[in-house]
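Handing you this structure, nothing more for now.
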Amino acid sequence: MVKVGVVGGTGYTGVELLRLLAQHPQCELTAITSRGEAGLPVADMFPSLRGRVSLAFSDPAKADLEHCDVVFFATPNGIAMQQAQRLLDAGVRVIDLAADFRIKDVAEWSKWYGMEHAAPALVAEAVYGLPEMNRESIRGARLVANPGCYPTAVQLGFMPLVEAGLVDTTGLIADAKSGVSGAGRKAEVHTLFSEASDNFKAYGVAGHRHLPEIRQGVSLMAGKPVGLTFVPHLTPLIRGIHATLYARITREADFQALFEERYRNEPFVDVLPAKSHPETRSVRASNWCRIALHRPQGGDTLVVLSVIDNLVKGAAGQAVQNMNIMFDLPESMGLTQIPILP
Amino acid sequence: MVKVGVVGGTGYTGVELLRLLAQHPQCELTAITSRGEAGLPVADMFPSLRGRVSLAFSDPAKADLEHCDVVFFATPNGIAMQQAQRLLDAGVRVIDLAADFRIKDVAEWSKWYGMEHAAPALVAEAVYGLPEMNRESIRGARLVANPGCYPTAVQLGFMPLVEAGLVDTTGLIADAKSGVSGAGRKAEVHTLFSEASDNFKAYGVAGHRHLPEIRQGVSLMAGKPVGLTFVPHLTPLIRGIHATLYARITREADFQALFEERYRNEPFVDVLPAKSHPETRSVRASNWCRIALHRPQGGDTLVVLSVIDNLVKGAAGQAVQNMNIMFDLPESMGLTQIPILP
Amino acid sequence: MVKVGVVGGTGYTGVELLRLLAQHPQCELTAITSRGEAGLPVADMFPSLRGRVSLAFSDPAKADLEHCDVVFFATPNGIAMQQAQRLLDAGVRVIDLAADFRIKDVAEWSKWYGMEHAAPALVAEAVYGLPEMNRESIRGARLVANPGCYPTAVQLGFMPLVEAGLVDTTGLIADAKSGVSGAGRKAEVHTLFSEASDNFKAYGVAGHRHLPEIRQGVSLMAGKPVGLTFVPHLTPLIRGIHATLYARITREADFQALFEERYRNEPFVDVLPAKSHPETRSVRASNWCRIALHRPQGGDTLVVLSVIDNLVKGAAGQAVQNMNIMFDLPESMGLTQIPILP
Amino acid sequence: MVKVGVVGGTGYTGVELLRLLAQHPQCELTAITSRGEAGLPVADMFPSLRGRVSLAFSDPAKADLEHCDVVFFATPNGIAMQQAQRLLDAGVRVIDLAADFRIKDVAEWSKWYGMEHAAPALVAEAVYGLPEMNRESIRGARLVANPGCYPTAVQLGFMPLVEAGLVDTTGLIADAKSGVSGAGRKAEVHTLFSEASDNFKAYGVAGHRHLPEIRQGVSLMAGKPVGLTFVPHLTPLIRGIHATLYARITREADFQALFEERYRNEPFVDVLPAKSHPETRSVRASNWCRIALHRPQGGDTLVVLSVIDNLVKGAAGQAVQNMNIMFDLPESMGLTQIPILP
């Protein structure tokens, strides 16, 4: 049994992590911390966990996380970078679901996240936890930077094309749509039901924090810097990301076969038949990424449609997948729930 | 392993049943029939099942259901009553998720369902599959009538009070609200997104088919005919029923203790602390019924709040629970998924 | 032209009031105040008003409201009671959309609203602004207490029955469902999209602030204290209240005719044909209250269904209706927009 | 007074047209036809019109449309082309809200719409009713082809850039998202609430009927054929289209000034300040198109965000705008309602 601790479990990523860990046959959830809610039974905040999670939130200072095998940070940005070193020193492996260790260029990170980095050395060590890209490095990692939700959907959609060098990487376009849970459980006006329901808008067009993360990943695939326009949108669903990706073909190939081949052995990437239209609900509450490929009117532009559940493959599920890899468990363990439809 | 057949799997009850059965450790799904979709892989209609259900719909005439241990009918009303006898004769046990065997008074059934009953003898034999009421009879039943969604939520809410004879049963009120999936997957104007979204209405106030079913059950609890007003409403959520029940007290008691005691050993009824407000999402995609009790202003009226997922405890989940009981499996087997929140 | 000021225009009631006033042919909107947003053009906060409202929010201290003919308070509870006297002294008429002047019993008010009342004398003077009940008093009022949203829907539904003394008033039941905009535009977790969408719950069952207001009004209709159970629910729509009312008949009558007669001359109460099911969207963004009457199974319980838009007839629209009455304008002026469907 | 007839008023475009015409000060609604619903009062089907529209649906054969000044066709594709000539011969002007007269290339039309064209000569005569493009021709037109919803949002977004020749027109991308009412009021499974709610998907990527219409319009702006990828998506809102447009810059300019200048005198196109994010709700139930311009990271890709209400500026509202132009009425008459927010 893997002894697991969770730092910060009061947000959507946290409760989703608890849902998955509580159903994981090889995990023992030993502590979940929250400074603000210490003492409160987790199931009092999230009644969906009644009867399944008996833990109460504990004070971070007293949580004895050093005796865990792995600690997940489901905290706001800027927390894990302050606490990871101490845990690593105690022999605990760390998976950060926030952004602290995702961007290798620390100056770039500081610019986008608006703070100094507290542990630049760990940034260098951290492995970017996208299994489809870095499975082997994840296996031995002490510190995993779990990818962002948009970056997961977008990178998995572009990966086969860019790795194979078949498209123009100077003008990639990622038009992405997210459910509102991606904005977290913080009380804010723009994510109120009466604001976000029956409404659709783009946001962060001038620059979203996931842009440098996507650009870093796609540039690694391409072996050179890429030009990418990323436009996120807020759409009135709770869970789900739909990325619509556009790339101009520079070299012909059997693109459908390419995708199928690239992901043949991936347990959580499902390449649909050509010309399919994946729906976000087809992955709801599951760790799947479903992808479909189009070449409209036989022109020179490829359209890739990529859907994930932002809280699962885009956050907590991928984190558990990374844990499975790190601890030599079957990669799908605890992640085989069938999506909820309707 | 229990060999399972499903008749009619193209509706929401059907796909939910498949989701649960595919994850059930002691079930072998051997056939799923659909006259209209014979030959079509189930996962082509419901991509959420890709990679988990490899069956195709089969022609009912060729499905060899006689070799199953149990057959579920997830069909419109009026189908199971025509086919059950043949299966029972072949030694197959039957669970009907439609209404064919729920009402003991065949004339009453005909009035509400607008057709002659094809198998009145089986109505007499059938066991009403509400485990909290009829567990022992279900155990030995050949034919189980799986309860309706509203009747499940309403009966579980009234049961402790009415069994104990503490409330006036001449003027019970059940104000119930259902998600739209309760109306099924049939193409109809009033359940279109543009009609049902951002809208709320009552329907069937003059008389809904679940009224006689609820009245029959509550009268059985009371040991005498009851007077009940039942008003269903359509509310813009996909899954979920919220029943708000009103009863006037005729004899004082510790009502909270009564509920807790009544359901102490029930695996799927969760009595919340007094004055709680259960949310439908706290049971989303799970087999839980969560109940809370109120006595506003200390007056003589009790308010019971009862929530279920109409497709799980209100349909497919309860059917699996009944199957577990019938086949001496642990009652919760395959039904332990944690609700999806948010 | 009526010179109009609005105190506190940053909430949903405020923006709705602006929408209606900007389209009112006899209103001149002269000031809208907000301490926090002084200087900000209103249309920057609410782009729906671009091109139609050119005012900026002004500092309450500098707004020169004393030169208005009427001032609307679209503020949180407890503000109007501190500022109304000064305006009244200056000859300005006041319509309070909050609760400060709704409850005649000041001690009762203090209990429910958790503060001392700052102007008990004005409570006595204030006219409760339900035109269907108090039209003549409103005409001459200096100070109008605009009703709450639930109280409007519930009182209009009970009014004909209770006035005529045809039902048992010791056990009235009001099961009411509200869209989320009723909770206002304040950032709170429980009204986030990811909490309130695809979810349904009751709240405040132990006691909601609208209970004493409804009880006061219905008791006035009955000429004696009434017993009323009021259960509000949060439902995932933006606008709309649906009240489902239950009353036991004590004396027979032609109830449908009674309703039609009672509301024959009311410009904003529409009695539907018997056995109709009014939808909240049939009044969306309009000042209508639509009501339908049922007597299920011919029993002794009447069911009244009453729908309004909580922001219009339940708040801003009724306030404009009151203004029209107070200033001898046609009662429907500026309120004739057809509901938005779908 | 303009005497108006409506053919086919049972869909969303029809009821929206009725809402607008009933509030139009210079229109007299004389007939609304529906073969299937002849005799039914319109307000019985759409209770939102109770008290405002007293007409009943009439049999098309008996509707005496020849005495109207203008007839709107709010019918499925393929109806207007069979009936327009007769009306035109009688001196009636015609506005078709369907697609019969939108595409000048009749063979292309037949390919996309799957039928022979019944009136090719009228195609040549018809004026494409996008006022921002063809105002003067509309003024004198006998027959107006009212644009599609997507084409309205997309063309208005691209127009200033393409007319001025500042972007590469070989690789334009239009990623568009529509509310579900765009699919109409026909009973179909994929637009059921339980399918379309809490879900997001692309559709018609291989080719949508609005593609040739958009391509025709943008090619006219460019003065040469353009290359355009158009991907429509279904998003869970009732009303609203959000088009996200991508174009690579070929020549520098002050793009914001260009847009402001181009639309300075347009009554229904609102260019927002640079870097704004227009929301669909900011135009809900109104005839506005709001547009914002971005140049992310100062790169060579422009992003244009364009929102409309698909039923108003994308259908019924634009049709009324066209009627106003045709009959020399003020262009905004009857179209000044403020958007409904929240």
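The first chain written gets the first letter, and so on, giving A, B, C and D; residue counts start at 1 in each chain.
By definition in this document, contacts are C-beta pairs under 8 Å (C-beta built on N, C-alpha and C of every residue); 3 or more make two chains touch, one makes a residue touch a chain.
Note that the structure is a prediction, hence the values are computed from the model and not measured.
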Co-neighbours of chain D and chain B - touch as defined: A, C
Select the chain at the greatest separation from chain C, using centres from the mean of Cα atoms. A
Please state whether A-B or B-C has more C-beta contact pairs across its interface. B-C
Taking each chain's centre as its mean C-alpha position, how far apart are chain B and chain C in Å? 39
Length of the line joining the C-alpha centres of chain A and chain B, rounded to whole Å: 36
For chain D, which residues are shared contacts with two or more other chains? 12, 179, 181, 185, 194-195, 197-198, 236, 238-239, 278-279, 281, 284, 342
The residues of chain B that touch chain D in their complex are 12, 179-181, 183, 185-189, 191-198, 236, 238
Provide the residue numbers of chain D that touch chain C in the complex, in ascending order. 12, 15, 19, 22-23, 46-52, 181, 185, 197-198, 238-239, 270, 272, 278-279, 281-286, 290, 311, 336-342
Given the complex, residues on chain A that touch chain D span 171, 173, 175, 177, 179, 194-195, 197-203, 205-207, 211, 227, 229-231, 233, 235-240, 242, 244, 246, 248, 275, 277-281, 284, 294, 296-297, 299-301, 303, 305, 307, 342
